[in-house]
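Shared between the two complexes below is subunit A, which has subunit B as its partner in the first and subunit C in the second.
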Partner chain A sequence: MLNKFDIQIREAEEHAIIETTGYLNDALGEQLSEKAQELIQGGCVQLVINLEKTTLINSIGISILIEIIEALEEREGTLNFCGLSSTQERTFRMMAIAKYAGIFPDEESAVANL
Partner chain B sequence: MADEHKVLLTIPMYPDMELAAAKTGSVLAELKDFNEDAVEEIQLAIIETCINASEHSQSEDKEVHIQFLVTDDQLQVKITDRGVGITADTLDGTRLLGTAGVHPDLRKRGRGLQIIKALMDEVMIESSPNGTTVSFTKKKATE
Partner chain C sequence: MKAPSKPLGDSLGTHKTQNTAEQTMERLIFSLSELEHLGQTLISGHSNFNHSSKTYLRITLGTLQIRRGAILRYHATGQNLDVVAATPESMFSPIPVEEDELEALLQHSFIDNADPPEPLKQFFARSAELSETIDIRLWVPLKIQDEFLGMIGLGKFLARDTLEAWEKELLTTLTHQISIAIAYSQMVEGIQSEKFRLFMLAESAPQICQLLQPEDAAEQVVQQAVSLLDANAGALMLTHTEQQELEMHYAFPETLIENTAAQENGDGLVISYGEDTPASQEPTSEDVLKSVVKEGIPGHCLPTSDTLFGGKNLMAVPIPGRDGDILGVLVVGDKEERGGRITSFTDEDVVLLDSFAKQAGVAIQNAQLHQEALEARQLQAEMEEARKIQVNLIPETLPDIPGYEVAGHYEPRGPVGGDYYDCLPLATGHWGLAIADVSGKGMQAALLMATLRAGLISELSRAESMVGAGLPSPYDQSALYAEIASMAMILNSLLYASGTEEKYATFFYSHLNPETDVLTTLNAGHNPPLLIRKDGSYKWLGEDVGGIPLGMFPNDMVSSIAEYEAEHVQLASGDVVVYYTDGVTETVNVEDDYYEEERLVEASQACKDEHAEAIRKYLHSSVMEFQGEADQFDDLTLLILRKQ
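Our next item is the complex of A and B:
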C-alpha cells in the first residue's frame, strides 16, 4: 500500500483532538469520519483536527471534512483545524471551509479558540 | 536552450496510484528547485486530475498516461485517459455536485477542476469520445 495512514485521538474534558497521519483520501477520510462521528454521537462537539502529519489532501478527503463540519453544525459544535500547509490553507479558503471552521497554526491556539 | 527533461509514466487506475504520479512530479519540480509550495501544488493538481480520470473516464484499458516536461523555469504535465470523454456540465462541475448540503457554498464534489485551475498557471482540457487530456503548467516563481 502506497498510503500508510493513522489516526490518533486525544480526548480532554470538553474537547477532543484528532491527529491524522498520511494522505487524506477516501480511505483515511472514511476512518476519520467514523472517529469524528463516534465523538459527536458521544456528546463531544468541540473538535480540533491536526493535519500537521497529513501532507496531501485530495478533494474526496475535503468532502469528508465538509461532512464532519455539517455534522457538528447540527449539534451546534465547533471544528478548528491546525497544522495546515500554506497550500492546504489556500485550498480550504477556496472551498469555503474556512467560513465554517477555524484555521489555526498550532494545536494550542486551535484549542483556545474552540 | 533550457535544460529539458521528459518523463513518461503510465499508471493503472488502482487506489492510491495517483501518489506515484504525484511523486514523479514532485521529484522533477525539486530537481529544478521549485519552492515547497509549488511542489505541493503540482502534486495536488496531478492527484486531482488522475482521480478525475479514474472516477469518470470509464476507460476500458483502466490506465492513465502522464507526460512530464520540465525545464529550468516550468513544469508541464499532460494527463491522458482513453475513456468516453467529458461533457460541458462535467467541466463546470454541475454534474458532479451530488446532494445539496447545509451550506450551498460547501459543495462536496466536483471541486477537483476548480483546485487545478486555481493552483496551476495554465490549464487546458481536450476531450473527445475517445478520451480526455488535461494539460497544465506550473511556472517557477522568480525570487
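Our next item is the complex of A and C:
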C-alpha cells in the first residue's frame, strides 16, 4: 500500500472527499495541496480527507495538512479527517491539527459533520 | 480572520497624479493600518510563511504603490532562494546563492537591479529570468542581524522613478516585519518539526517493541525511521555474524533495490563485511555499510557514491543488541525538504536515528526471542509427539519364547531417543529379534524408526506368507540367508527413500528357531552383539559379515560396496546373547574413559548364569557404575536372550 501513490477525489454537491494512498511526504503532499487548492479556489470549501490508505506521514506532510486547514479557514470552510490510525489521531491532536479540523472514524460521519 | 485590505493603488485610483501632503498622509495612515495587519498575521498562529507570503507581498506593494514584485525565501540547507510569492503569479526555479554572495547581500539594504555591486553581478545574472518577468527595479535583502532570510524584489514604481526617503524608511520597516515573519515561521516550523519527531520517537518506540513477528517489526522499524527523518527511502539489513554478512531484510519502497546486481541474480542483497576493504577517497554505500557494522558508528554516503540504492543521499546507523553486538544496520535515504528538494542529513538527524535504532534493536530482539520461543514450543510439542511415537515402538513387555528368557532395557538420553529393539513372533513359531540405532533425535528419528519397524513387520509377514505357500522351507538355511539379505535390501531402499544421507539406521536382525536353536543373523552396520557361551567363552556376532547401515546409500551402491550377508550360530543351554547399542560401549566416565567392549565382556561373563532379567540389571548397573557422575551422552539399550 505504501509503495503506491495516488489521490482520488469524489465531489458531491456541497463537499468533496479526497482519498490519499501512500506515504504522505512532500511528493504526495504537494499533489494533495494542489488538489485541495483547486477545490477551494473553485468554491468547494467543505472537505473530507480520508487517510485510511495512508499509514505513514512525515513532518512535511503534516505541514501541508496545516496549510490546507489555513486556506480553508480563510474561506470559512471546514475540513474533517477520517480513516486515521490511532497513532495518526494522537499525532494530529498533539500537533493541534485536531483543534482546527474534525477527526471521524469513517467517511459517512466525516461528511455528516461538515 | 480579517478580510484582506484593498490595495492602496485601487483606493487612490482617482488621485494618482496628486502629490500632495494629503495623499502622503493618507498613504501613511494606510501603511500603519497594514502594518497592524502584518502584526496580526504574524501572531495569528498562522505559522507558515509560504502561505502568508502573498499577503505580505500584497501589503508591501499596495503601501508603496507598486504593481509588481516578488518575495524570495532563503533555504540554508539547499543554499538557494525560492520564490514564494510573485505578482503576477508565475513559477520560477530556485536561484542558487554562493557563500561570498551571501556576505555581499547582508551588507546592502537596497540594491539597484540595473547596477548591482560587483560581488553580486553573477547572482543577478542567475536571477535574470525572475527580474525580467517581474520587471524588478529594486531589491531589498531580508535579514535579521547577520542571518540572511530572503529578498524582496520590487517592480516599477507608479508615477515616479525612485522611492522617496520616507518611502524607503517605510520599506525598511515593512521588510523588517517580513524578516521577523520569516524568522518566526522558521522557528515555529522547526519547533513543529521537532515536536513531531519527538512525539513520533516516543510513540513509535513502544509500538514497535510490541510487535511479535520479526517481519512486522522490520517493516515498522524502517517505515518509522523514514517518517522520522523525512526521508523517502529506508532499509533494514541484519547481520549473520558467523558468515560475516549483512542481508537485506526489508526495504522501503520495495523497488529500492531492484537494480542492484545481487537482486538481478535473484539472491537478495547480501554484503560480506568480513574482508578488509581498501580505504578510498569517497567510500561507496557498500563500504559505508561495512564500516557501520564493523565499527559500530554511523556513516554517510553521497548520492554519487551510492551503488546499492540507485544514487541516494544515505545515512546509516548500527542497530545494537542487548549484549553489545551489532544486530544490523538501519539505513535512510534522501531527506526531503518542502518543494521536493533533497537535502543532507544533519548531526541532529544522526542522533535521532541513532536513538531510534537503539529502540529498534530492542524491538527486533523481542520479536526474534518471541519467534524462538514459538519455535521452541513447537519443537517441544513435536518432541512430545515423537516421544509418543517412539514409546509405541518399543515393546512394553517382551514375549515368552519357549526354552528362552528375554529381557530388554531402553533408556533414551533426551525425551526422544534414536534406539529401537523388538522381539516379533513369526507365524512359523520362530522369532525375529531386532535392535537398531537411528541417527539423529526428535521427530525425524522417530519417524525413521517407525518406518523401519513398519518395513520390518511388513517384510517378515511377506516372508511368512511365502513359507505358508510352501516356499521356502523355514528349515532351509540357505533360503533363510537369502530371505534375510533380501529383507535388508528392501529396508535399506525404504529408509533411503524416506530420509537424507544424514538419516540412517544401524540394524541387527536375528531369526531364532527355538526348535533347532539356530540363530540366523544379519548385521547392517550395528555393534556386533556378544554371544557368551556357558563356559564363559565369547563371540561377536556379525562381526565379519557386517554390511553398511540401512538408508545410507541406494541399493545399487550397497551391492557394489558390501552386500548384506546372513550367518548363523547354534545356541546351547546357558548361552547368552547380549544385544546393545553404542550408548553402552561408548559410555564415558568422569575421566573421559570409554566403557568399551572389554568391560561388556567381563560384566557379561560375571552374570551369564543369572536369569535374563538379572543379567540386564547387572549389565545396566555395571554401565551406570562406570559412568558415575559423568553425563549420559547417548541412548542406552540392551536386549538379552538366554537359552535356558
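In this text, the second predicted complex is superposed on the first by the 111 of 114 C-alpha atoms of A that agree within 3 Å, B and C clash if a C-alpha of one lies under 4 Å from a C-alpha of the other, contacts with A are read in each partner's own complex, and residues count from 1 in each chain.
Quick note on the criterion: a residue touches a chain if its C-beta (ideal position, glycine included) is under 8 Å from a C-beta of that chain, and two chains touch if they have at least 3 such contacts.
The model shown is predicted, which means the values in this text are computed figures rather than measured ones.
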Partner chain(s) touched by A:I60 [first = subunit B, second = subunit C, both, neither]: both
Partner chain(s) touched by A:E107 [first = subunit B, second = subunit C, both, neither]: neither
Partner chain(s) touched by A:E30 [first = subunit B, second = subunit C, both, neither]: second
Touching partner for A:E52 - first (subunit B), second (subunit C), both, neither: neither
Partner chain in contact with A:M95 - subunit B first, subunit C second, else both or neither: both
Partner chain in contact with A:E73 - subunit B first, subunit C second, else both or neither: both
Partner chain(s) touched by A:S85 [first = subunit B, second = subunit C, both, neither]: first
Subunit C-contacting residues of subunit A that also contact subunit B: 2-3, 23, 25-27, 55-60, 62-63, 66-67, 70, 73-74, 87, 90-91, 94-95
Touching residues on subunit A, where the partner in the complex is subunit B: 1-3, 23, 25-27, 55-60, 62-63, 66-67, 69-70, 73-74, 85-88, 90-91, 94-97, 99-100
Subunit C to subunit A touching residues, read off their complex: 1, 46-48, 50-51, 189, 192-193, 195-197, 199-200, 203-204, 207, 223, 226-228, 230-232, 252-255, 336-340
Of all residues in subunit B, those that touch subunit A in their complex: 15-20, 22, 37, 40-41, 43-44, 47-48, 51, 101-103, 105-109, 111-112, 114-115, 118-119
Interface residues, subunit A side, partner subunit C - complex: 2-3, 23, 25-27, 30, 55-60, 62-63, 66-67, 70-71, 73-74, 76, 87, 90-91, 94-95
